[in-house]
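Each of the two complexes below includes subunit A, the first together with subunit B, the second together with subunit C.
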Partner chain A sequence: MVAIHANEDGLRRDERLERLKLFGLSSPATLLILVILVIPVGWLFYVSFVGADGSFSLENYERMVSRKSYSRIFITTFQVSFLTTGLCILIGYPLAYFLSQLPPRLASLCMITVLLPFWTSLLVRTYAWLVLLQKQGLINSWAMSLGLWDEPIKMVHNMTGTLIGMVHIMLPFLILPTYGAMRAISQDYMKAASNLGARPRTAFWTVFFPLSTPGLFAGALMVFILCLGFFVTPAVLGGGKVIMVSMKIVSNIELFVNWGAASALGVVLLVLTMIILWVASRFLKLDQIAGGGH
Partner chain B sequence: MATASKDALPITVANVTKTYGKVHALDDVSLEVKSGEFLTLLGPSGSGKSTLLMVLAGFTRPDHGSLKFGDTEVIRTAPHLREVGMTFQNYALFPHMTVAGNVGYPLRLRKRPKAEIAERVEKALETVQLGGFGNRRIDQLSGGQRQRVAVARAIVFEPRILLMDEPLSALDKKLRDQMQIELRRLHEKLGMTTVYVTHDQREALTMSDRIAVVNHGRIMQLATPHDLYERPANRFVADFIGDSTFLKVTRQGDRITWGDMALAHGAPAPDTAELAMMLRPERIALSDSGPVEGANNFAATAENVVYQGDSYLVQARLSDGAEIILRRAMSGATATTMPAPGDAITPTVAPEDTVLIDGREV
Partner chain C sequence: MLRWLKSPATETQITHGQRLWLYIFAVIIMVLLVTPTLIVIPMSFSDSQYLEFPPETWSLRWYRNYFGSPEWMQATRTSFLTAFLTMLVATPVGTLAAYGLHASRVRFVQAAFVLMITPMMVPLVLVAIGAFYVYVKLQILYTITGLVLAHTVLALPLVTIVIGSALKGYDMNQEVAARSLGAPRWKAFLTVTLPQIKFAVVTAALLSFLTSFDEVVVAMFISGGDNPTLTRNMFNALRDQIDPTIAAISTIMILVTTLMMVLAQIFGQQRQPGGE
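The block that comes next holds the complex of A and B.
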């Protein structure tokens, strides 16, 4: 007679073995995250609470609240991030839409040109913009020789230059998820809308656009968060006039050798980013409950 | 036929051709759907059913041809101006809207007042037996419920023409049978001219006023289910509908013969050079007591006998080597006389079940 609990122990052992294998596979990644993320961030927190005399203190944070220059830096950082994200949406969304309407083969070809910037060094791209945009740069000299304007226009070492460079670099991060979401929208939805009486424009705004927003939202969030910590491009193209948090961190270390102040800035930036992510994820979930995600 | 509501519109398709490269998706199709009729397009995969439906809805632009709803030529009318309801094969319900949002969509586009929309949406949902489901999300619905929402959305704005592309193909058999009856009842109630696409012959036979059998972009026969089954116009239709087998027969003067045997047949034979006799499995009787007077009696050997619960199938070989299949309903009496493989049997076909058709392959 076969016992009711036949093979129970063996089966349980198999189950445990399987789980162990899975754990084994993920352990290198877990270890890596522990070493390069958890420990350094913990260290960062610790250092930010160490005062100039080496004892525990809140002076690094107090300085941030009391000094006007700090709040201005945070405002600039958010300003640049918001503007870059906004411009990326304005430029990237229509482009992603255009790509999503092309036949797949042609679309992937065009996508390569969008992704090309990904494969060139960030520094090279940033300096290339400097060459193009500066007073004696390509754009000014061409425009003047064509008679479009008489005096060279200041397009770099200011907010304009920073934004041009940042938008160019961030655009793929917005386009990729947006394009992905758009490709996933079945043509049948648009046909159904049209069949039910929607003009093409109405069908777009009532059906296509809402269905593409999860991708757009993910892209915009990514761009915004990357912008918050951006350094090279604003440093080169901003010409010292656009000072973002990351730049202040660098100067705190290089100029003033004040690790505590730099760490505190890093912590604040990290916490702000996490808050934004948390709010955004709440928002995304709410959206899903209302029938948004799929 | 259902009583046509006074708003139902007839559809006239004339000489519509659509080619994709060398493929004739539609090859000079002409067709009339009567006002209030339930017409089914039936055909194998790739025969052009969906293409024809897409031409009716305005999503496919044919190479040439004419399409009229009532007396109005609409072949160049944009889809959103055609005012035809349509259900898609995958339903195409908007996932970002609730059930009520979906059903109310066409009414919102038509700028109806809020109260009226709410009322008509609820009424449409009740019509498809989904009253009170308005607040559900689409992904909270079962396949059958989605299908009903799709129907509700297609009828809520009271279109005078309703198009359905294989609306039941994603459902399991039981639900499909139930929905067939429901859709048919809905049609009786609303009376709108309906064009229905399916590749399921049973579904077509059950639901339709008339069936258009389509193959290679051409209409092979347009007839009532009864005529289609009993009097197929050609070999393709005879083959496609029912599990028929065919015997090659010849004309000798006035007589039609199979081998040396003269065949008794009810309806006259078509006037074609080649002729075939169509044998429906359920129309072949098995005589337990030798040849039957007045019927066509064949001598055969049973090769395979398959028990199917409600019936059994016999695969038998005739004396000239042709294979036929016959089905016999299962009952206490027939069960005892169920032949065994190798038995000599006498399949008999009554003259009125002896259908002669054009023997050419189409």
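The block that comes next holds the complex of A and C.
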């Protein structure tokens, strides 16, 4: 009996060791992320609590509360993020629905129009919008030659331009998971609904729409989180009139070399992101968000 | 045509005519999604200082400008080298991690997975200034090494997710079979598992190349000196004025992206058994 037990114990120990060894395969990746990302962010967290005189202080956070310019930046950031996410839902959901109803071959052909911008550098896409929307840009000159308006309209270096660029860049992030969720909905459910007497509209809102919401939520969450920390597009298309948190962080470092202020802003941004993710993860699985439509 | 409009579009008897608004809307959005990017291409061949479409006179002026500029050439080299090296580092490191996490099933796998995807969740600006700080200490600021390490961290979540989801659809018992026949684990992995997830590996590699090649914010902080990236210089040029040379560079970047997409289609698309 004793021998059998010893054998079992040994086997179990072997298995545990084997599992740990396998787990160890992830250590190069873990180590890289720790050294390049986690430790520096931890240091920024520390710096945010150091005042100008080098001692512990909350001045970097107090500044955020007391100064009007800072609260305006947070308001702008949330405004841009909410508007972008909302517009992406309004535009992306119908498009995802349209794509999900196409026969597979045609759908994958149309999907190229979503994937091509998704893969293209966001700097290139931001530049393209700058060229299109500027005063002597394509849209203004075409509209004026067609007689739609007489004076060039200011469409860039302001909120409008920023939103146009952001929505264009974020749309694929919303469409891909939504489309994935919609493709997984069996047509039989809709057939069953109409068989039971539901009109098309009723069937859609009571059967199809609820089933597609996990994908829609995952996409919207992704868009919102990305928007909160966005830098390139508002910096180029906002023309200094749309100042978001990440831009203030950059200018705090590049112009004022104020690490404390930059770090405190970064910490607030990170904590906000984490809270949103945490709340969302209670309704969704985290890997579902990360995995997109797969 | 009229008959098509009146024919039911779905099993729930809604007709194509009733959904016509959806079709029109979808086509408009699809056009709007692709044209802004594509319109840059013909504009880059314009002879004018002001970008115009369609160009009145065609020329390669902006391409000559780009290829003739030592600064742009240096930045291009840096970008390609960094992207290539990032691909070479991120793909094996991420594949190992995804495989290890998938196979080990220890209690803290979930936590390790969350750590693996944090680079996707942390705002890029924070990653950038954090890396900037460490690199000053490690004295690897403005080096290719530093850039590759940072871009690898950014690419790891993508690699882990792509490989991880491929492993989910793979039957690990095949590896058990190989090992029961005497193959050591590494050999079982290389000869049995790897060939079956190779499409995911190719996709992951291409994604990590593009992640690095297109990255702006982190590069803004940790590239420079002798090693500025293309995107960093483009961003700085965009801040000053609209230089049509950027249109030429954008066209080249779109070409690189398209090439990657085509490669992914050719090598990355797993043929479903029995499917199309």
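By definition in this document, the second predicted complex is superposed on the first by the 268 of 294 C-alpha atoms of A that agree within 3 Å, B and C clash if a C-alpha of one lies under 4 Å from a C-alpha of the other, contacts with A are read in each partner's own complex, and residues count from 1 in each chain.
What we mean here is this: contacts are C-beta pairs under 8 Å (C-beta built on N, C-alpha and C of every residue); 3 or more make two chains touch, one makes a residue touch a chain.
The structure presented is a predicted model; accordingly, all values stated were derived computationally and were not measured.
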**Asked** Of the two partner chains, subunit B (first) and subunit C (second), which one does A:V279 touch, if any: first, second, both, or neither?
**Response** neither
**Request:** Identify the partner contact of A:R125: answer first if only subunit B is touched, second if only subunit C is, both if each is, neither if none is.
**Result:** second
**Message:** For the three-chain arrangement built by superposition, which of subunit B and subunit C touches the greater number of subunit A residues?
**Reply:** C
**Prompt:** Of the partners subunit B and subunit C, which touch A:S186 in the superposed model: first, second, both, neither?
**Reply:** first
**Request:** Determine, under the contact definition given at the top, whether A:L58 touches first (subunit B), second (subunit C), both, or neither.
**Result:** neither
**Request:** May I ask you to decide whether A:L211 touches subunit B, subunit C, both, or neither, giving the answer as first, second, both or neither?
**Result:** first
**Prompt:** Taking the superposition as given, does A:S194 touch the first partner, subunit B, the second, subunit C, both, or neither?
**Reply:** both
**Request:** Could you say whether A:T30 touches subunit B, subunit C, both of them, or neither, answering first, second, both or neither?
**Result:** second
**Prompt:** Of the residues on subunit A, which ones does subunit B touch that subunit C also touches?
**Reply:** 191, 193-194, 198, 200, 203, 291, 294
**Fill in**
Residue set of subunit B touching subunit A in the complex reads 57-59, 78-86, 88, 90, 92-98, 101, 105-106, 109-110, 137-139, 153, 157
**Asked** How about subunit C: which of its residues touch subunit A in the complex?
**Response** 9-14, 18, 22-23, 25-26, 29-34, 36-37, 39-40, 43, 50-51, 53, 93-94, 96-97, 99-101, 103-106, 108-109, 112-127, 129-134, 149-150, 152-153, 156-157, 160-161, 165, 210, 213-214, 216-217, 220, 231, 234-235, 238-239, 242, 246-247, 250, 253-254, 257-258, 260-261, 276
**Request:** Would you pull the subunit A residues touching subunit B in the complex into a rising list?
**Result:** 186, 188-189, 191-200, 202-203, 206-207, 210-211, 291-292, 294
**Sites on subunit A touched by subunit C in the complex** = 19-26, 28-30, 32-33, 35-41, 43-44, 91, 94-95, 97-99, 101, 104-105, 110, 113-117, 119-132, 134, 136-138, 168, 171-172, 187, 190-191, 193-194, 198, 200, 203-204, 225, 228-229, 231-232, 235-236, 246, 249-250, 253, 259, 262-263, 266, 269-270, 273-274, 277, 286-287, 290-291, 294
